[in-house]
Amino acid sequence: MTATRPDLRDRAYSWHDPQLTAAAARDVDGLTFLRRMAAGEVPAPPITATLGFTVLEVDAGRVVFGLEPAEYHFNPIGSVHGGVIATLLGSAAGCAVHSTLPAGTAYTSLDLSVKFLRGLGTDSGPVRCEGLVVHRGNRTALAEARLHDGTGRLCAHATSSCMIFS
Amino acid sequence: MTATRPDLRDRAYSWHDPQLTAAAARDVDGLTFLRRMAAGEVPAPPITATLGFTVLEVDAGRVVFGLEPAEYHFNPIGSVHGGVIATLLGSAAGCAVHSTLPAGTAYTSLDLSVKFLRGLGTDSGPVRCEGLVVHRGNRTALAEARLHDGTGRLCAHATSSCMIFS
Amino acid sequence: MTATRPDLRDRAYSWHDPQLTAAAARDVDGLTFLRRMAAGEVPAPPITATLGFTVLEVDAGRVVFGLEPAEYHFNPIGSVHGGVIATLLGSAAGCAVHSTLPAGTAYTSLDLSVKFLRGLGTDSGPVRCEGLVVHRGNRTALAEARLHDGTGRLCAHATSSCMIFS
Amino acid sequence: MTATRPDLRDRAYSWHDPQLTAAAARDVDGLTFLRRMAAGEVPAPPITATLGFTVLEVDAGRVVFGLEPAEYHFNPIGSVHGGVIATLLGSAAGCAVHSTLPAGTAYTSLDLSVKFLRGLGTDSGPVRCEGLVVHRGNRTALAEARLHDGTGRLCAHATSSCMIFS
């Protein structure tokens, strides 16, 4: 596909059938699943291709995602849309909880509360977003996530509660 | 671009230089700007192309966005990623505030608090997300947004505070 | 009890054994329980005496509390402490959910997200705080609450998620 | 004052004219003001007497409050009302921000987002609630607070955004 007007930009990308990802998550604990995804042994879900973010680090109760801000993330005022920031924070928080789950357990996010502290432009990268488990109960868990720009400044913060299912 | 493996899918899309959008926002009030965008007279920002959502309705203090859920929105468990839902809710809430601003005024979102009530799959569309201004002060505004699936069920709710600048 | 210094103020109040309240809640549905409390047939819980607020109206999915701001609610800057506002909003939201529960069911608040829009002083009363159910699922419910001052201005807003137990 | 019925309990308490507290805050930086309050040289605001909590520790960007749970804090289900927990969390978060402010600067809380993780009873004390500044900008600040029971278990978490004024 070729843009015919100078103000038109295009992008093409691909992703894997998400059923492969879901199948790979089924019989293993969360930490193993996420580490396989970080290692490229399990395909990352479609949204990571759509928004261009990747799993960088996975530990028990801690997951880090990375993003290189680009124009296709932009809102009308020329910076990364808050929804992209929310997506990274929610992913980091949710996966931090996932990394604590034994095989045969699943979770769903109940909420996501984001604070936007500093805008992101194309010169802000590489962005790092770290999720940490704050509290892990039997039925619910609470995680927080912090997003830092390439110079280490805190740009956004979130908390997220998850419900855990057997 | 062609996928050579049956589990690989691809997507190509285009958007307009966001500086055109920003320039169109500069000298008009928010309601006029958003209505021009809804009418296609002003290009929508890149994030709307990346995630495939559109402005459906614009009134003073009320904006509705639409989305058709698709596989490229998916998280690892085969439903629309919460970040996509957050993006719609944040856009609807923020634009509802924007629609109340006179020319020469700008806003920035301070926060976004999302509650996920029901998951979205490819059979959930078309999704409608309505943002409403709850309180409009001089320096800050509060908006809420509700996202309903194609059968009218409430699937997510958010509130967002914005700071207003002259 | 008498204050001996002009800058010292005192207050005395009483409440009922909360086990009476808990017992009265046990075998009835939430709406009946809350209406008995509003009618004075069931003692209100201790916190309502401590902070001086009362149930004004009870419907299915909607509860209104009232408060007369006073100096004993104050923070260091001479207005009602945000925690008092949060208490009213959380009570109104939680009781709105409670009013939808059948006998033999209980709930617990998972979270409370408050936005402070306008301060309250001793001349702001009587304050009305209305809680409404936004979404009622089988395991969780979402409610919102709005607090208005005596002239009808919106002063605070909250959302709260509750978990429901059989 | 004497209760004449066995199910009636009463409590009497006193506080200082809050204008004394406000005057003491005026010409000093936040850290000095809060340390004077912790040392008893400046009267604590009325709400601390009403709900029975005290400042335990004050550092730059960090404030700890303490509470001994009692029946007068109770909700209808026989545990400390979430509003009391919200009050402590909001105070700790707000005062942590206050402790970073130079003389002649004031702040107001824009929001408070609380997660309730574990209930508190009369055997849960002494409760400690620590507020920490997460981000300190020129016009806004973000703080978080964590409340632990007497055995060190995390019982509640909050974030709060504040607006800063010169």
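Quick notes
The first chain written gets the first letter, and so on, giving A, B, C and D; residue counts start at 1 in each chain.
The criterion applied here is as follows: contacts are C-beta pairs under 8 Å (C-beta built on N, C-alpha and C of every residue); 3 or more make two chains touch, one makes a residue touch a chain.
These numbers were taken from a predicted model, which means no experiment stands behind them.
Considering every other chain in turn, the ones in contact with both chain B and chain D prove to be A, C. The interface holding more C-beta pairs in contact, when A-B is weighed against B-C, is A-B.
Ranked by separation of Cα centres from chain A, the top chain is C.
Taking the mean of the C-alpha atoms as each chain's centre, chain A and chain B sit 19 Å apart. Put simply, the C-alpha centre of chain B and that of chain C have 34 angstrom between them.
Among all residues of chain C, those that touch two or more other chains are 110-111, 113, 115, 140, 161.
Of all the residues in chain C, the ones that touch chain A in their complex are 110-111, 113, 139-140, 161, 163.
Contact residues on chain D toward chain C in their complex (touch as defined above): 1, 3, 6-22, 25, 37, 43-47, 49-51, 71-78, 81-84, 86-88, 90-91, 94, 106, 108-116, 119. If you check the complex, the residues on chain D that touch chain A are 113, 115, 117-118, 134-135, 137, 140, 142, 144, 154, 157, 159, 161.
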